[in-house]
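Naming follows writing order (A, B, C, D and E), and every chain is counted from residue 1.
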Amino acid sequence: MAMLSVSNLAVSRGGLPVLENLSFAVESGQALVLRGPNGIGKTTLLRTLAGLQPALAGTVSMASESMAYAAHSDGLKSTLTVSENLKFWASIYAIHDIEPALERMNLRSLANRAAMSLSAGQKRRLGLARLLVTGRPVWVLDEPTVSLDTASVALFAQAVRGHLATGGVALLATHIDLGLEEAKVLDLAPFKARPPEEGGMMGAFDEAFL
Amino acid sequence: MSLWEYANPVKFMKTSGFLLPWVVGLAAVTLVSGLVWGYFFVPAAENFGGSVKVIYVHVPAAMMAINIWGMMLVTSLIWLIRRHHVSALAAKAAAPIGAVMTLIALITGAVWGQPMWGTWWEWDPRLTSFLILFLFYLGYIALWAAVENPDTAADLTSVLSLVGAVFAALSRYAANFWNQGLHQGATLSLDKEQHIADVYWFPLLLCMAGFVLFFVALVLVRTRTEIRTRRLGALQQRERMA
Amino acid sequence: MIALLIRDLRLAVRAGGGFGLGLAFFLIVVTLVPFGVGPQGDILARIAPGILWLGALLACLLSLDRIFALDFEDGSLDLLATAPMPLEGVVAMKAFAHWLTTGLPLVIAAPVFGILLHLPAAAQSWLVISLLLGTPALSVLGTFGAALTVGLKRGGLLLSLLVLPFYVPTLIFGAELIRRGAQGMATEVALLMLAGITAATVALIPFASAAAIRVNLR
Amino acid sequence: MIALLIRDLRLAVRAGGGFGLGLAFFLIVVTLVPFGVGPQGDILARIAPGILWLGALLACLLSLDRIFALDFEDGSLDLLATAPMPLEGVVAMKAFAHWLTTGLPLVIAAPVFGILLHLPAAAQSWLVISLLLGTPALSVLGTFGAALTVGLKRGGLLLSLLVLPFYVPTLIFGAELIRRGAQGMATEVALLMLAGITAATVALIPFASAAAIRVNLR
Amino acid sequence: MAMLSVSNLAVSRGGLPVLENLSFAVESGQALVLRGPNGIGKTTLLRTLAGLQPALAGTVSMASESMAYAAHSDGLKSTLTVSENLKFWASIYAIHDIEPALERMNLRSLANRAAMSLSAGQKRRLGLARLLVTGRPVWVLDEPTVSLDTASVALFAQAVRGHLATGGVALLATHIDLGLEEAKVLDLAPFKARPPEEGGMMGAFDEAFL
């Protein structure tokens, strides 16, 4: 049973197709790692899956309200404390207990610190802890381990494994090794959008002007 | 064949390219003959004096200022509903013309007000609501200029023009409530018993037709420029993809 | 939804601002006016309703531009847009939080400022009523402007340019209500219009704002 | 140094703002005042100098808060502070860019606004002179406030609160200069004071601002 | 001849000592990689070296006006194009030719794009290109390779090598492998500030109140 499946998807950024003909499916308990050089379109793809921008073509199928998205920036309020930040997101997702999340991301000792006084890696850990309080089965993560040290990367990998074990799904874009050997890897390079002359799809918005 | 075909930029360029010289010619003829008639062959009115001649610029400009916003409203709606690029670009092209028309109405009004009311400016509701209309135009133009992505800008400005139209009308009503004012009533409306005399009326009609044609010509030219800019952008993007 | 409201209020308070700041700004405007205009009591009394309303407008304006911009910059807005909560609700809550921190304190403290500007006693209650009825519209219209400019750097002035024309009807009816009330003239029309405008904006504008944000996030 | 000026001007223009925006804002303030105050020409004429100066103040304020905040947020300020360029110079250049985009257009367009508010013809030239002399002080004092609040989110209102009291002397002498000029009274004192305040602030305040920024970066 | 030397340095953040007793020297042509878990104080140390905050104790010696600093954020203006951004920094450092920097960071094809339309990795490349237009011999870099793909990391390593070859010096804080085998590594963990009871140094500001 695929929890997230994508068929013939094409995504565009700034009016220009970036990726096309993309199809994949992720089954419950699976993780899929997206790879590809800078600028290939990982962020664009993930934003499309998250519903923040429309797809150019193709379909995304996933149960509604099942997805949690984590972007390049963490959405932290610098004047709120770690636990206040986390509590806010928890209550948005109607979850009441933030203790397990603090525990699993090793943030207990920082709980009362203002987010602005955290180091880069500590901020990121807090950003990832947010995922644990969404209660959503499909995780869509954009370079989740930026700024993390090796211990924290391991902590994160463990959190992902825990999530998969409960039947969740994770889709991760990353450039570095996450230590998730069981994850499938999808290289995006072959799906780079080609110009129409070379058989690429039409449909970038501005083609109407040519 | 449906009208929507002309919403295709390429088709639009072809058709408008063919139409443009005719519209420009017609606009020039009506405008010039209307203005000349109005300025040189109309007697000075007894209660207005020679300054009545301002009317041949003032009234058509004022009329256009309002109607251009209406046109932008319609084209914006078309863009929001049917996503036709030409429509959004036409709205973008019309806005600066509308702003200039508003400004012309304001300035000719001010020039006229000096002999008539003895002041350059009076906080009369009609004048004031024109000032506000001018501000709406400015905001609309500034938003187009500020947003980088053309489609985003088209969407945002469309929403702005819709909400703005409601509030511009509301402001007009509020301004009336706020101050009774000095300005001339709408003598143009047909159900009024008192018409202005035909000698003033016909050249005025001609001028108004001239302004409309002039506006159409300008919008065509400016829309074509916008389309060319977008085409250039599209070509550059395609080059980048290759 | 309530969580969002609490967060926004908490942020406003943490930033050393919150309730007091809007008031303090208002106080400054009210003190600066006599400096600019001259201290004659009769003139001040005549322009008082207008100045108080203008002060309200400006206090609103100055706190507006970061209403969504901060959330946009730190990525919260993306996350809120994917959260299980209609964006219209987010917008409405943010407008409400904005009103609580700038509009409400002003309504409460307005009589004091009225006294400073020699507003006649008869007008005091009308001042409070008109602000109470009108300021919610200011906040809601402000969020609309903020939503339009959310992706732009240096939105401040552009935002005012977009928003201030929208404030005109509210301002006219608000100031007129006080003036008429003070002079014992009929107030029904102004009152009804003011209430009507506020009700309509509160009911409808959040949809436009949410649409603008969606477009800006795309 | 010139590079910084050019960059700031370019940023102001790119953001769809720049020169026009400050003017448009000013126009709006001038339009809104009669709505609040009433359309009577005589009252408007009496309060015109004050209103025009208040408008200048506010146009300044609204564009201020991001003067350093943007550079702080994207890390440019850290980098500028480590660049081979005294921070005092950076501050002065930013104030200058701010004046060019908000103060100068205002000075140039002021007479038009004067007409709208029925300012007597005799006062027009004084309006221009007083704005020309006074607005640089507004920009420089504004950067000082912006420097003090650079690390704070939602600085808008706090910034106004800090800065407005500093504006009082400029406002008083500026408006007084116009009033006296219009009435043919002696203008020397007001003129000298205005020029003196501006000269002193331009010469000294950048040092205070740079110090404030250093503290905020620490 | 040490171009940058530090002796007995102690640095503090938020009024609290973070690192203490730190001494090292970097000679011309050398690179030093700082390592340590999240929150140990790498960023704090680099900011102190850059002169952005005062040291708590100890001395930093380095020729004046010889240092270029690159922080977690890149200091890019999103509405300016890549080359405008770079030109600005170049003229601040009185350098006129940005072409070599564009070339070496593989930004040529992006030169006319607004910085806001770049992907995370492309932005970072631009941030690093800034270093090349400073003409400064001492580079102080905080996690320079965040978001970069492997090809870009190699590009960066090459740029650092080029810099070292001309007699420069580089001090880098990072969690991932940069492929700079020749660089010395300094683990900061042993220098973590201890509380005074355990023999840590006095001197955090508020100790005066104890």
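Everything that follows uses one rule, which is that contacts are C-beta pairs under 8 Å (C-beta built on N, C-alpha and C of every residue); 3 or more make two chains touch, one makes a residue touch a chain.
Because the structure is a prediction, the values reported are computed rather than measured.
A.B. asks: Out of curiosity, which chains are bumping into both chain A and chain D?
C.D. replies: In this structure, the chains that contact chain D and also chain A are B, C, E.
A.B. asks: State the pair with the higher C-beta contact count; candidates are B-E and B-D.
C.D. replies: Greater number of contacting C-beta pairs: B-D.
A.B. asks: Tell me, please, which chain's centre (mean of its C-alpha atoms) is farthest from the centre of chain C?
C.D. replies: In terms of C-alpha centroids, the chain at the greatest distance from chain C is E.
A.B. asks: Tell me, please, which chain's centre (mean of its C-alpha atoms) is farthest from the centre of chain A?
C.D. replies: B
A.B. asks: What whole-Å value do you get for the distance between chain A and chain C if each is reduced to the mean of its CA atoms?
C.D. replies: Once rounded, the distance between the two centres reads 37 Å.
A.B. asks: So how far apart, in whole Å, are chain B and chain C when each is placed at the average of its C-alpha atoms?
C.D. replies: 32
A.B. asks: Using CA atom averages as chain centres, what separation in Å is found between chain A and chain E?
C.D. replies: So the centroids are 28 Å from each other.
A.B. asks: Can you tell me which residues of chain B touch two or more of the remaining chains?
C.D. replies: Residues 132, 135, 138-139, 142-143, 146-147, 178, 240.
A.B. asks: On chain A, where are the residues touching two or more other chains?
C.D. replies: Chain A, residues with two or more chain partners: 14, 72, 78-79.
A.B. asks: Pull out every residue in chain D that's touching 2 or more other chains.
C.D. replies: 11, 15-17, 21, 24, 28, 35, 73, 153
A.B. asks: Which of the residues in chain E end up touching chain D in this complex?
C.D. replies: 47, 50-54, 65, 67-80, 84, 87-89, 91-94, 130
A.B. asks: Contact residues on chain B for chain A in the complex?
C.D. replies: Interface residues on chain B, with respect to chain A: 8-10, 85, 149-151, 227, 230-231, 233-235, 237-238, 240-242.
A.B. asks: What residues on chain D touch chain B, complex-wise?
C.D. replies: Listed in rising order, the residues are 15-17, 20-21, 24, 27-28, 31, 34-35, 39, 41, 44, 115-116, 118.
A.B. asks: Under the definition above, what is the set of chain B residues touching chain E in their complex?
C.D. replies: Residues of chain B touching chain E: 148, 240.
A.B. asks: Taking the touch rule as given, give the residues of chain A at its contact with chain B in the complex, in rising order.
C.D. replies: Spelled out, the residues of chain A in touch with chain B are 14-17, 193-198, 200, 204-210.
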